[in-house]
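Okay, so chain A shows up in both of these, paired with chain B first and chain C after.
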Partner chain A sequence: MTTDALALPRRARRASSASGWLKGFDLAGGHVVMALLSLFCLFPVYWMIVTSLRPANKVFERSLWPTAASLDNYTYALNAIPIGQMLVNTLIVAAIVTVVQLITGLLAAYAFARWRFPFDKLVHVLIALTWLVPLQVVMIPNYLLIANAGLLDSLTALILPHFASALAVLMLLQAMRSFPNEVLEAARMDGAGSWRVLWEVVTPNLRGTIASLAILIFISTWNEYFWPLLLTRTPEHSVIQIGIQMFMTSEGTQWGPLMAASTLASLPIFILYIVLQQQVVSSFMKSGIR
Partner chain B sequence: MTAAIATMGSTEKPLARRRTRTANRRLLPWLYLSPVIATFIVWIYWPLIDAFRLSFYQWDMLPTSPIVPVGWTNYINIFSLPKFWQALGNTGWYIAGLLPLAVALPLAIAIFTADLPPRARMVYRGIIFVPMIVAPVVAAAIWRWLLDPGHGMVNMMMRDFGFRPLRFLQDPNLALWTIVVLTGWKLIGFSTLILSAANANINPSLIEAARMDGASKWEIIRDIRLPLLSSTVLFLVMMTILLGAQWSFSYINVLTGGGPLGSSTNIYYVLWDFGFSSLSVGWSSAAAVILFLGFGALAFVLFRLIDKVSFHDN
Partner chain C sequence: MTHLTLNSLRKAYDGKEVLHGIDAEIENGQFVVIVGPSGCGKSTLLRMIAGLEDITSGMFMIDGELMNDVEPADRGCAMVFQNYALYPHMTVRRNMDYPLKIAGLSKEERRRRVDEAAAILGLEPYLDRRPAHLSGGQRQRVAMGRAIVREPSVFLFDEPLSNLDAKLRVQMRIEIKKLHRRLKATSIFVTHDQVEAMTLADLLIVMNGGRIEQIGTPSVVYHEPASMFVAGFLGSPAMNLLPAEIRDGQLRLTGMPASPLAEVAAGIAEGPVTVGIRPEAILLSGNQSEGLPVTIDLVEELGGSRIAYCALADTALAVVLPTDGRGQEGREVRLLLPAEALHIFETASGVRRDYTLAPVSPATEVRNAAGLRDMVIPV
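On to the complex of A and B.
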């Protein structure tokens, strides 16, 4: 069979059974590769949850599932630092940032989609270029601004700099540009002002994009580390990402509570992912990497 | 003819109307843009200018201490600082190490697994995407646990197979590469998904036609798949070059603090270190300006490159 395929490479149909066999082999190989990649991607997360559930004196065990599940580590972690408060803080920051970025993004995208005005291209480029400016480059002036305003160590400090994002503006603009112009014209003919057209005609039709963006912004704000690291000082006024770090000290690491805190910090995102998996994956893919 | 006049008329009319609009009307787009513009001016563009200004001063960030103008001294000092060159070199190694993990390997996997049935594909997709939504700090915590020299799973397994345990994060020869792998862990699944999607978008009749002509699997990959994937690949390469070293910041800060002996530091971490460990505003700002100009030039070149290639693609 194989020699047949080699002898008559241009007769694809004749060689079909050989290529079928080869295809099966490729398929198995594909599964092996994907299974390995899946293991690499998922095992660390699984190990975090398993470790967090082991009794305090059995943290170093290596069994693939906890032999005796216990919430010791969670109790310890919750007593050691104000995790509840930090989770609430994170939720507040992520929720407000999501809503505000969507609103400012809608307003700006609408301006570009509806009007042509002097310097519109330049402003568009300047907005798009903001993602190229690393936080580390602007951190000192930002820090000084927050400090001078007396906002250090407050949730406001974590929210204010995130009032707008290039991602929101650009994604919404792209969605608005593919929006049928006739509908906008019709609304305008009806005498609806630009404000009403935006909120009553455009926004309801962008639900899909808005949902994608909301997921993206919420997850990335929830996971944000650099900004809280720079601007918060006390656990009560900080977010959960900073809390996790508190279990890793130079004297030693409390693995059980660290894994418990990490699991708690990831839980809301994991639940969101389990419920909205397709949407989460596609919103990230739509946005590229950032 | 009448139709042409009619269409001309219809384009003319709104123009005339636009001209008669009041100044108020002309302000309207700017009003809509104002929240975004204000945010970016206050938090990005003004700080950029301010960083430039501060790079010519010496200051320790305390409101009470004087801000001393020092001219180009900060720049001269930074360029003569071995730590800066080490960080710059390491940044290059980070990017070089991430490219195979975030681009080459995912590309190979995406092509190799192209024939998997849709249902299996969906399952894998759900799993390999997970690292992307794990917070960097959580990822750092998990890997610190897995790689712990004493009780970490990885070292225990290595001991079972008769290897000496490795001090992944404490060994100056290993720390940087360990962080590269951790950063790659977050990206590899996602890049694979992006490339798989692009690969699945390739018109199957092209592949079929090539197969009919007797092209081998490798020839199909080389002559059809790779050229058609090139714009996606370039996009990922560009992202990795421009942002790769930045993605490692959380891991460096949580896991190694740039050490041991500066072996795992990079340019972003050095900025942080100058600014908030050494409290040297001038140095940090000067390094920021150097970084910004350097990466700005790099981005410009990459964008031009992408422009050329995507034109080719059409």
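On to the complex of A and C.
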């Protein structure tokens, strides 16, 4: 009797501690997997930075840490191409495209969310379909249009085809549809016209969606390569991705300066991500609408 | 002065009519409650008044002016929604200020009105909070504040209390009533809660299936229900509705030929009718010879009162028991249905019939007693 009574809790205790250990393992295991994945993603970035710091004769070194670090590659890269100008160009293009796509996206999504009009479903489907059309298909017609307009080798030409995107319209439409209808009606009762409702009621509550969209659009515009490659003729009117490509010549690739230029090209993206990431997270936390 | 006229208002969604001609006159300063079961079109009617829903046909007028095509903001109506519908990104102050800002009022005037409304509603401590950081009751108050600051001529409420817990609901109900006493603005309040309806209304509109069943003061609607639907809808427990018939100048429950309920005046058409009686109007008979014999199936103790459910023929009859403790589960009792407490409805249409009823005279009762004996003997 007594031994039984004593044994039972001991067994129970062991079982519970085992499950606790398992739980701990689960948690730790999860962290290990995530850490490995992060390493996997971060390593190329790290390698880029490290290589950019290696002197020209040691570019292909395999040590994890540069044996002799120098900024020579950066000096070289900055002198070889107008990196500053290119970064500014890229920034202008990416910023304008982001802002314009958000505005057109908001306007289009609002129209779809609020009004029924003839062929609205058809237009909606057509917009969604443009998402499926690869860029390569429209590249040549777009090129011809731009060439006819005399806009070759200009930043305008880089921006113009990106005035609207299906992604922005569809994501914003989704967000607007889940916005409580009663709030829109309350605004209407309060005397707010559709224009006011869009900018003063709807948009401020879509901050999370807008921030994530902004990151997506900015990065994809920043990284764009083919379209600028097709259009630009002079480095001064070009974007950074073309600049990087200039280190890949017919005589071979200058890896050190290329990595240096790439590192410089990534910096603005890092900064943007850090700034907006907080915004995205906090908006998601706050989106307890109602 | 604000006088609302609803003239055969109809509403159809995609050709399917949900409101079938609503007529009503609402006087200045009245507190009107629209009550009815779910899906009867209360919200639709309110939203048509607000201007949020198009009027398919008919006329809606404020002070004789046609409002059918007037924008919601220009009708002078303010609305309080069931889910509060506050602007999530604005503080309480900005929420209340927003309609005034749109109206283009001066800064001082806006400030004065918001402060005044906040004082009335006890919202001063929360003016800088966002709705997400308020309780349900506080949010509801903000929603009312946003309506008050506009100084509208008509307040519209669509089930504003149904998201609150029972206690808060009672409290807010009283506050709304007080607020109405103070502001004296015409108000239309939609609910499916009959206690809210009875307590708040100056004028009650009972709706069913897209039609108005009855318009009247709560007292009239309660004591003289215009139809079987109204009779069964208001009151808890609901009015008992029993099949009966008029024959030989007497009203008898179907299947109870031995105990006539009342004498009806001559010249009234004979045939089946439905008799209604409120549970609190039924009396327990003091002796064993008088009244309808029934057995009590179940007694519900409500603290203040006790309700018995009895089987009568094949219908259940609710009876509010006297406070003297008479009437226990399983007991046989005799019930008296006083003639003056009976309501008569046409069985088919449900329409009320105001027949003059008189208590059954002692002579007939003797005759009945005899009749009963006659019936018993063969068995």
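Note that the second predicted complex is superposed on the first by the 226 of 290 C-alpha atoms of A that agree within 3 Å, B and C clash if a C-alpha of one lies under 4 Å from a C-alpha of the other, contacts with A are read in each partner's own complex, and residues count from 1 in each chain.
Going forward, a contact is a pair of C-beta atoms (placed from the backbone, for glycine too) under 8 Å apart; a residue touches a chain by one contact, two chains touch by 3 or more.
Since this is a predicted model, take the numbers as computed values, not measurements.
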| Does chain B (first) or chain C (second) touch A:V133, or do both, or does neither? | first
| If you stack the two complexes on chain A, which partner ends up touching A:G105: first (chain B), second (chain C), both, or neither? | first
| task | Would you sort A:Q85 into first (chain B), second (chain C), both or neither based on which partner it touches? | result | neither
| request: Return first, second, both or neither, reflecting whether A:S70 touches chain B, chain C, both chains, or no partner chain. | output: neither
| In the superposed arrangement, does A:S154 touch chain B (first), chain C (second), both or neither? | neither
| request: See if chain A has more residues touched by chain B or by chain C, and give me that chain. | output: B
| Those residues of chain A which chain B touches in one complex and chain C touches in the other | 288-290
| message | Quick check on the complex: what are the chain B residues that touch chain A? | response | 26, 28-30, 32-33, 35-37, 39-40, 42-48, 50-51, 54, 61, 109, 112-116, 120, 124-139, 141-146, 148, 151, 153, 156, 185, 187-190, 192-194, 197, 211-214, 216, 235-236, 239, 242-243, 246, 249-250, 253-254, 268, 271-272, 275-276, 281, 284-285, 288-289, 291-292, 295-296, 299
| query | Which bits of chain A are touching chain C when the two form their complex? | reply | 180, 182-183, 185-192, 196, 201, 204-205, 286, 288-290
| task | Give every residue of chain C touching chain A within the complex, in rising order. | result | 50-52, 72-74, 77-79, 81-89, 98-99, 102-103, 131-132, 146, 150
| Contacting residues of chain A [partner chain B, same complex] | 9-10, 12, 23, 26-27, 29-31, 33-34, 37-38, 40-42, 44-45, 47-48, 51, 60, 62, 103-105, 107-108, 110-112, 114-115, 117, 120, 123, 126-127, 130, 132-134, 136-145, 160-161, 163-164, 169, 194, 219, 222-223, 225-226, 229-230, 241, 244-245, 247-248, 253, 255, 258-259, 262, 265-266, 269-270, 273, 277, 280-281, 284-285, 288-290
